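Here come two complexes built around chain A, the first alongside chain B, the second alongside chain C.
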Partner chain A sequence: MLNFATPVSPCPSLLDSSLLFPVSLRVIDRKIKAHLPTKAHSQVSIMNMSESVQVTNNLTNPEASSQRTLYPYVTGTSVVAIKYKDGILMAADMGGSYGSTLRYKSVERMKSVGKHSVLGASGEISDFQEILRYLDELILHDNMWDDGNSLGPKEVHNYLTRLMYNRRNKFNPLWNSLVLGGVKNGQKYLGSVSMIGVHFEDNHVATGFGNHLARPILRDEWKEDLSFEEGVKLLEKCMRVLLYRDRSAVNKLQIAKLTEEGMTISQPYSLKTFWGYGAFQNPTVGAEGSW
Partner chain B sequence: MENMDLNAPHSMGTTIIGVTYDGGVVLGADSRTSTGMYVANRASDKITQLTDNVYICRSGSAADSQIVSDYVRYFLHQHTIQLGQPATVKVAANLVRLLSYNNKNMLQTGIIVGGWDKYEGGKIYGVPLGGTIIEQPFAIGGSGSSYLYGFFDQAWKEGMSKDEAEQLVVKAVSLAIARDGASGGVVRTVIINSDGVTRNFYPGDTLPLWHEELEPQNSLLDILNAPAPEPMNI
Partner chain C sequence: MFRNQYDTDVTTWSPAGRLFQVEYAMEAVKQGSAAIGLRSKSHVVLACVNKSNSELSSHQKKIFKADDHIGVAIAGLTADGRVLSRYMRSECINYSYSYESPLPVGRLVVQLADKAQVCTQRSWKRPYGVGLLVAGLDESGAHLYYNCPSGNYFEYQAFAIGSRSQAAKTYLERKFESFSTSSRENLLKDALFAIRETLQGERLTSSICTVAVLGVGEAFQILDQKTVQALIDAFEIAGEEAPAAEGDAPDQSAAGSGPTTDQGPPAEPDVAPMET
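What follows is the complex of A and B.
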């Protein structure tokens, strides 16, 4: 029986509507992709109609003809994840920043992948959405074999590593830091991949600011076989510190739990913060003008 | 100018808004197109039709947003013929995303896609710089939108009626025009629901006056010649 994956559907995708209207959209999708800048060499894009356009573009906008991603626009901040007794716990806030503006506050930055894995991402959201599409296709082909096997977290992590590293080699990276966690046949797996293809596997991982603020806490307080409650409290401790100290953090987060049974992602919720230190009330007592 | 942070997202000369309400969507925009400091067109129409039931608000480079909308209209037209029924808003938004994402190094345009289809009702999708696609109950874009984040945080609520939604949009665009030099002119709105599409036009004199703005007059002479105020009855 063909099993089209992902009970938790990813962000609005061409694929969703394609399942309802198979023929025409895939044709148009392919037509658009045929015009797209190919990875090896560029310039035959849907937008470039003539050679002369290139000349002025190169003077007034030297980056236009390049095929490298130069900088991110809409970005997500830290993702933190740990192994616990029954599997993996991952936390990420729901913010999508646009430069210094906290523009989008309901972005889901963690998504399930196949039956056994969950992917969390920080960095450019459009590139994360594209990675989800690549993974959709990977899982689809995996299911189409219909052989009873399914890609586990280790395999998906390896796929993502290759994806990120190969893009890095072409100077056109997917501007993300990824966290991939999962459980298969009782084996827990938690790995991380950066935008330049640096990858590793550990009991606890974090991206972005989480590397500097969360990992020291985890190094101190993580232990083998944490209960669900202990794990959630530990992640919340990390997320609260990030909320205090990361300018792009947003107080609306989700925690994903991944066990042998599957993935559940919590409803969005907010953390209480503490400001009741005496020194906060009167910070400049004894030193007027200081801060 | 040399000290500008060249890597900050470019702000875009416009105010565009898309809002869902109970039964459909309301799209709104200002009408100013500027070339540097000069207003090239003071009555532009930034709300562009893609199909009978899907419209987009364009911001950023006028050329880039126009070419993207032309391509998407062309693809959607083909798609509608092959499908045999009206395209959905989600499909239209995804086509916009494909072009924006795959040409991200060359394009400078932020787009709000809004419409109504029989499967999902009224929907708004934002496609900002970079080609992220994000479904939202309401979306704001363009340089004028900076002045509206606080306003919408306070004034937006779920389940508005068509008239409430349109009034909110008109008020918001009008507030942005008051403070953003790159936005101005008239307020245009487009309402899309199961009954069809309605275009509305709100010139400056129909809009409320904000802080430090005065009632427009024909001439100083009218003020000088105005009848003297009534003496007080003490």
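What follows is the complex of A and C.
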């Protein structure tokens, strides 16, 4: 049974013996195959040799030969987005974690798509880049028609849903949770797609930890037709909570604003935090001797 | 056009730079019974003459719905038309599935045209022998296109194809400037008048014509016979011989005069099966 359904812990796979053990043999296999003539019996003998090797391989590590996504490596954390008066506001920090290490700190996790949409992603960063490549091609072909029609956020959202769901069906998911927002012809649109293809639309969405920490705030404090300032304040409130409580969050975030005119994304900035709480100043007050 | 040595293959050019097979395919369109289309900013109406071979048989279907927002009327080889409308339906539904949105008619028309072009450049194929009047909606409103067997497509305010379509075209040419702002009812009225032009004096009843309408906020539908007959009666379009101006259409004075027939198809019994 593939273990992608179990909780994520990326590092162990890198230290797997599977990577150390069969690499040399794989190289040998290829060299042998290249030099020998392509006669049936010689191929059979080669196959026998590699087969016997692979038998042992499969027993010790069943996923060694898998080309499918098994676990994510470099991940982004939450994305939070809301509809406001003029369009969509989306916030995401710029962290790319490598397991528990906050390794990359300038990862842009929100990108514009075509004229009308913006895509934010959490999860595996390389898969996000792959999705951007797919969307790039999609928008390119859309533009090549050169007629008055263009793909709006609703269409892009649906396309992404199909993409994610089809990959999930092949047991080779794109390990992302996506947020797709946009405005077209005055209509605001905000949707979400998960890595297994679960999709929905709402006035405010979040991914990852944002689901647990940001959405309750948004449920209480979001209202129709927020002004830009109110919207940003609300998003910053959510991001601050995430910064305090999500260990994969970094204090460097961007906010993307999407209106009918297009997308603007802010320069990276930090949130002010406050650590002067009694429990932080004197952490051991309740349990002497601990740390 | 006379038979010559360059017309056997669709992949053979004539010295004058013509592909005769493609031109012959366009002739097939002219042999089919008339189909007309006209549009305003928000609505498109398709209408066609539907005559059955004999009293015992039903008439051939010439208008097809491709999606809620796209319909097509055909003239020529109905079998080819049926196959192409199946292709259109397929494209529409696949787009809807991927994008949760209606396929813009302009794109469908280009896909159809490209499909037709392929048949003009393969030695083992023949061009489709059917002309398509595609009515549909996209972001910029209502559109009417005509797709030729040659792979060309044109957008029209109003157009007519098939036998005796010239009479309808003459009528439409006189009135097309007002179509853009016409109401739905006036469009229907003009469509029926145009159809009547092609009948050469024969009485227009709902049993020999089919009318379909589509618009912004109105899904494509083929009107049932009763509705059409009611429209014919209301606008007093039926007419006989060369009717003078009818009550509610003061600009119809010259409409009833016998239309010029530049296409009188000789009814050869051994030609490829087509609609009459």
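Assume the second predicted complex is superposed on the first by the 216 of 291 C-alpha atoms of A that agree within 3 Å, B and C clash if a C-alpha of one lies under 4 Å from a C-alpha of the other, contacts with A are read in each partner's own complex, and residues count from 1 in each chain.
Rule of thumb we're sticking to: a residue touches a chain if its C-beta (ideal position, glycine included) is under 8 Å from a C-beta of that chain, and two chains touch if they have at least 3 such contacts.
The structure presented is a predicted model; accordingly, all values stated were derived computationally and were not measured.
Chemist: Of chain B and chain C, which one contacts the greater number of residues in chain A?
Modeler: B
Chemist: Going by the contact rule set out at the top, does A:279 touch chain B (first), chain C (second), both, or neither?
Modeler: neither
Chemist: Classify the contacts of A:73 with the two partner chains as first (chain B alone), second (chain C alone), both, or neither.
Modeler: Touch status of A:73: first partner only.
Chemist: Looking at A:287 after the superposition, I want to know if it touches chain B, chain C, both of them or none. Which is it: first, second, both, neither?
Modeler: neither
Chemist: Once the complexes are superposed, what residues of chain A are shared between the chain B interface and the chain C interface?
Modeler: Common interface on chain A, chain B vs chain C: nothing in common.
Chemist: What residues of chain A sit close enough to touch chain C in their complex?
Modeler: 145, 147-152, 154-155, 157-159, 162, 185
Chemist: Would you tell me which residues of chain B are touching chain A in their complex?
Modeler: Touching chain A from chain B are residues 7-9, 67, 71, 75, 78-79, 82-83, 88, 90-91, 93-95, 97-99, 101-107, 125-126, 128-136, 146, 149.
Chemist: Would you tell me which residues of chain A are touching chain B in their complex?
Modeler: So the residues of chain A touching chain B come out as 11-14, 16-17, 21, 23-25, 27-29, 31-33, 36-37, 45-47, 57, 63-74, 96, 98-99, 101, 103-104, 106-107, 124-126, 129-130.
Chemist: Enumerate the contact residues on chain C facing chain A in the complex.
Modeler: 97-101, 104, 106-107, 110, 138-140
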